[in-house]
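Next, two complexes with chain A in common: one pairs it with chain B, the other with chain C.
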Partner chain A sequence: MSGSRTMKSVTKVAGTFLKHAFLIIMSIISIYPVLWVITLALSPGESLVAPHLILGFIPVPAAPTLEHFEAIPQLHLLAGATFPVWARNSIIITTSSVLLSVAFTLPAGYAFSRRRFRGQQVSMFSFLLPSMFPGVITIIPQFLLFSNLGLVNTYLGCIIPYSVGSLSLSVFIMKGAFDSIPRDLDEAASIDGAGEMRTFYRILLPLTLPSIATVALWAFMGSWLDWALANVMLKDNTLWTLPLALYDFIQPNYTYYGSFAALSIIMSIPVFIVFMIFQRYLVTGLTAGSVKG
Partner chain B sequence: MADVRLQNVSKVFKGAPAVKEVTLDIHDGEFLVLLGPSGCGKTTTLRMVAGLEKPTSGSVYIGNALMDEVLPKDRDIAMVFQSYALYPHMTVHDNLAFPLKMRKYPKQQIEEQVNRTADILEISGLLQRRPKELSGGQRQRVALGRAIVRNPKVFLMDEPLSNLDAKLRVQTRVELKNLQKRLGTTTIYVTHDQAEAMTLADRVALMKNGVVQQVGRPTEVYSHPVNKFVAGFLGSPTMNFIDGTMRSSDGGAVFDCGDFNFPVHLNMVKVLPAGGSRKGTYGIRAEDIGVENTERVGSVETSVFGSELMGSEQFVHVKKGKMDVVARAPMDFQTTIGGSVWLNFTSPNAHFFDSETEQALA
Partner chain C sequence: MFGRIKGSGYLIILPALAGLVLMVLYPFAYDIFISFTNMSVFHFRNPTWVGLSNYVFVLTTPDFLTVLRNSVVWTVANVVPTVLIGLVLAFVLNTKVRGKTIYRLFMIVPWAMPSFITLLIWQSMYSYPFGVINTLIGQVGIAPINWLNDCNWAFVGIVIANIWLGYPFMMIIFSGALQSIPSELYEAASIDGAVGFQQMRYMSIPLIRPTILIAVLLGSIWTFNNFNAAYLITQGGPGICTTILITQAYKLAFGGTLAFAQAATYAFIAFIILFVPGILWNRYTGLTRRVS
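Entry: the complex of A and B
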């Protein structure tokens, strides 16, 4: 009896150990490149010279310096424009894309959840369809279309594809979120004197905030970090977004590793902040609709 | 305050009729209970009064005004949902204030009415809580509060007590009835619980398969059911039904079950053709059956299957041949399982239902 109990607890401890070992290894694998980026950003010069390594593999800057960060506001060494211009471009394009994406997603998700209309299945499928192809293959057709429309080399040339690009997933997240709210609430509100719009704003929106946060975050990531589409649409370096500027540090015969790493870190700060703020909502947002609560 | 009138109201869902030609007059200040088994169309009927469903044909009138094209918010009704449908992101105060805000009441009046309602329902201490911080009974009160806060013409209630535990349900039932009488607001109340219907209703409308079977005061529907369905639906334990043939005998009548027969009350004779017989179902409630430990003239010997002690009384379950019957006996009546008791079915309150139409003949 006590033997089998000991066996059981040994198995349990071993299981816990294996689980934690796995998690630690996975964490190291994800954090390791970031450690390198931080080390490079804090090391003097632009080279990839091996810095000080703890235990032979953990990089730390040998002589830490903030010179790369201090230089960022004036960065223009290869391109003509400077960091503030690129940052402004990124902020304008990303903010517009996020707002537009949410503005498209909310009514679409609402309609798919609350209305019954002809062609509903087909239109839902058509939202899903684009996500079945790798995003890159739409870049060339989009470029051709946008150059006919005169949108290449404009903010809109990025804002439109970004705000539409996240829809296929977002609309489904929102539909799920609205589905999870009992119809009784809509009906109670309609009897209490609210029209459809007021029911939407006063009842449904506040209850789907976590999902709206998820949708916004998804659109934010798609736009803030994108390089491929921006590279095709934005030729003029005064229109560049931060990822394009970042890529400019990688030249055919020389890579400015220090500046590259410093700008990477600056770029990821907003992502980090947004994640911190929305973390609580994010998990509920992604699972909302899967469980009726 | 207003009358509510349904005139030949029907509702068809994708070819399946849910409500058929319902005509009801609900008087000003009346408490009408729509009663029936699930799927009988009672909730659909209520939702048509609310304007949440549009009748396929027929019309709803509230206070003599035709409601065909009137939106729910403009009908001046309030509804209590089975799920309560409280707004989860709002405090109790804001839930109560919502219908008033939507109607653009001045702030001060909103506060007054919310506080008055909270006082009536004894939820003043809960105003700053959110629905998830409330017990089931408290939520139910808030839902009720949201309905009464703006003095609507009509209350509509869709099984509002069904999520409460048995004890709380009985208590709330009494409070609800008292509240409705104090406010004097016309109320339509949907339930499948016949005890709720009996205790709450001024009048009951019993529905089956989308058709109103009978409308009347609870005692009237209980004592004079128009058909076998109504007779069986109201009352606990359910009315006993015995199939057989009624025939004349010595100026009176007997009911013949095949294996045995018993004399019936003289007022049954009128359903028989002169000197003839008629097939049908004899219906008699447990309290109308005489139970004895010894044989008497006209009584039937039966075998005890079991008995349920209910406190001051007990229900004795007996069998004879294919017949199962429940009879009411005093608490101290002695029975043993498998032993004999003698039942007397000759009550003036018994019923006789036609075997084909199931309509009550007597």
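Entry: the complex of A and C
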């Protein structure tokens, strides 16, 4: 009979089964903390009680409630600022940092792609250098510098470092984007009488929009979610950004798990949506050389 | 408006270069300078040169060896599993399998969620005795573990959380590399009789080796430098059980002692250790290479 063929189809079915089993387990692991934080956010009270588990492993709130989400506008720690103040601080600091970051990156990426000048290799390398630094290496001197300049406890104390924080990655993303546009296009535009500025605005910018968005996204995430630098620069509770507040809700001596979870979800949603839209652009630049092969 | 923008390339990169020099390169040089002084809360405005004594002090404290060992173990224990899981996921998702898109979507979640927040979520998952992880292991009869207050479990805990954060990125990079392999090569391999694992072992892996190399280098640099994962969950504790070089630097500077000089010394040592993999990453990716 067709013994070997039966064997083959048995291994095939077993293989498919194993694949799905593996993928299902990894999917559950991947979303598990999200299930957990949703459970926390929808459970009444601020303290942690053992969650109700469906099938022995999926956490669900025992008595679902929206009280934590409804309380967010009035959310505050023991004494001091409320959620709207932190949100405003975060929005001001993040918007300024993103705009400045893009304004720094575009011309630099353009010059590295389209111009040839002495010392270009050296300056490109100096842009790459920070990607090898531990971030903390700059926080210490920045803090000392800013405390001499009186910038500690101001928005600028965060905005300035954030706006150059993602520069070393961004400049190369933009250089790569401009490199991928054939020079013939620039030349054709210049034959048609367009100046370099005009060519840049009318031709190069529209074509590199996804990369510009990526640059903005990196800057956004660097400032919207930073804790380490903000923790050092922003001492006053009224100047705090959302990450500082969020962190303080789960300090060992006073934990507000319900508020923490609800705030986590509110803070994550914009990032999650933007991220899902742009994720395929986010790896460009990091592995540039390897893909070109 | 018309004609060439006046000035050389230098003028165009000036704003970015100025920002880079003032906010990154100058602080970096200043950090090295501080590490040779006695700057602390006592000598905040008038630090004096003390030569190598910070280095001698740091390198001879028993803490240093522990922290260095933690950094190395931390990096290896994270990079190896993330790369392996990422590779396996990329391979499985590159085969014919139903529901690929949905699996992929789930698998990207750890990457798409802000890591700052998910790390704090992990902290709450580890809480004792009612965190969900203790509830889960309770289902199979294991007594609750006081994860974040036990030296070894705390380390295991932050490694697990960070592996969870890391594999989606690896999966995406490797998927991209696998998809760039022309389908003719797979056909040719099938004609030659190579199936499944043989194709993977003798064709796909060698072809994406450059990507694997870059992923390992980049993963090592990021993990070694990963402040958030090693600090937010445990603050380096209990004791210095989960402290790595850069969290030690942060703790010394801002954790109450304001020992800026020693902190700068730790930070610079971390930089020196990273310099070689950093240079290699630059060479392999060719980011600074000019397009001719």
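Methods note: the second predicted complex is superposed on the first by the 245 of 293 C-alpha atoms of A that agree within 3 Å, B and C clash if a C-alpha of one lies under 4 Å from a C-alpha of the other, contacts with A are read in each partner's own complex, and residues count from 1 in each chain.
Assume a residue touches a chain if its C-beta (ideal position, glycine included) is under 8 Å from a C-beta of that chain, and two chains touch if they have at least 3 such contacts.
Note that the structure is a prediction, hence the values are computed from the model and not measured.
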{"item": "First (chain B), second (chain C), both or neither touched by A:I203", "value": "first"}
{"item": "Between chain B and chain C, more extensive residue contact with chain A", "value": "C"}
{"item": "Touching partner for A:A103 - first (chain B), second (chain C), both, neither", "value": "second"}
{"item": "Chain B versus chain C as contact partner of A:P182, first or second or both or neither", "value": "first"}
{"item": "Which of chain B and chain C A:G195 touches, first, second, both or neither", "value": "both"}
{"item": "First (chain B), second (chain C), both or neither touched by A:I54", "value": "neither"}
{"item": "Intersection of the chain A residues that touch chain B with those that touch chain C", "value": "193, 195, 198"}
{"item": "Residue numbers on chain C that touch chain A, as the complex places them", "value": "1-5, 8-10, 12-13, 15-17, 19-20, 23-28, 30-31, 34, 39, 85, 88-89, 92-93, 95, 97-99, 103, 106-118, 120-125, 127, 130-132, 135-136, 139, 164, 168-169, 172-173, 176-177, 180, 210-211, 214-215, 218, 221, 224-225, 227-228, 231-232, 245-247, 249-250, 253-254, 260, 263-264, 267-268, 270-271, 274-275, 278-279, 281-282, 284-291"}
{"item": "Residues of chain B defined as touching chain A within the complex", "value": "50-52, 71-73, 75, 77-79, 81, 83, 85, 87-89, 98-99, 102-103, 146"}
{"item": "Chain C-facing residues of chain A, complex", "value": "16, 19-20, 22-23, 26-27, 29-31, 33-34, 36-37, 39-40, 48-51, 53, 56-57, 59, 103-105, 107-108, 110-113, 115-117, 119-121, 123-145, 160-161, 163-164, 167-168, 171-172, 179, 193, 195-198, 221, 224-228, 231-232, 243, 246-247, 250, 257, 260-261, 264, 267-268, 271-272, 275-276, 279, 283, 285-291, 293"}
{"item": "Residue ranges of chain A in contact with chain B within the complex", "value": "182, 184-185, 187-195, 198, 202-203, 206-207"}
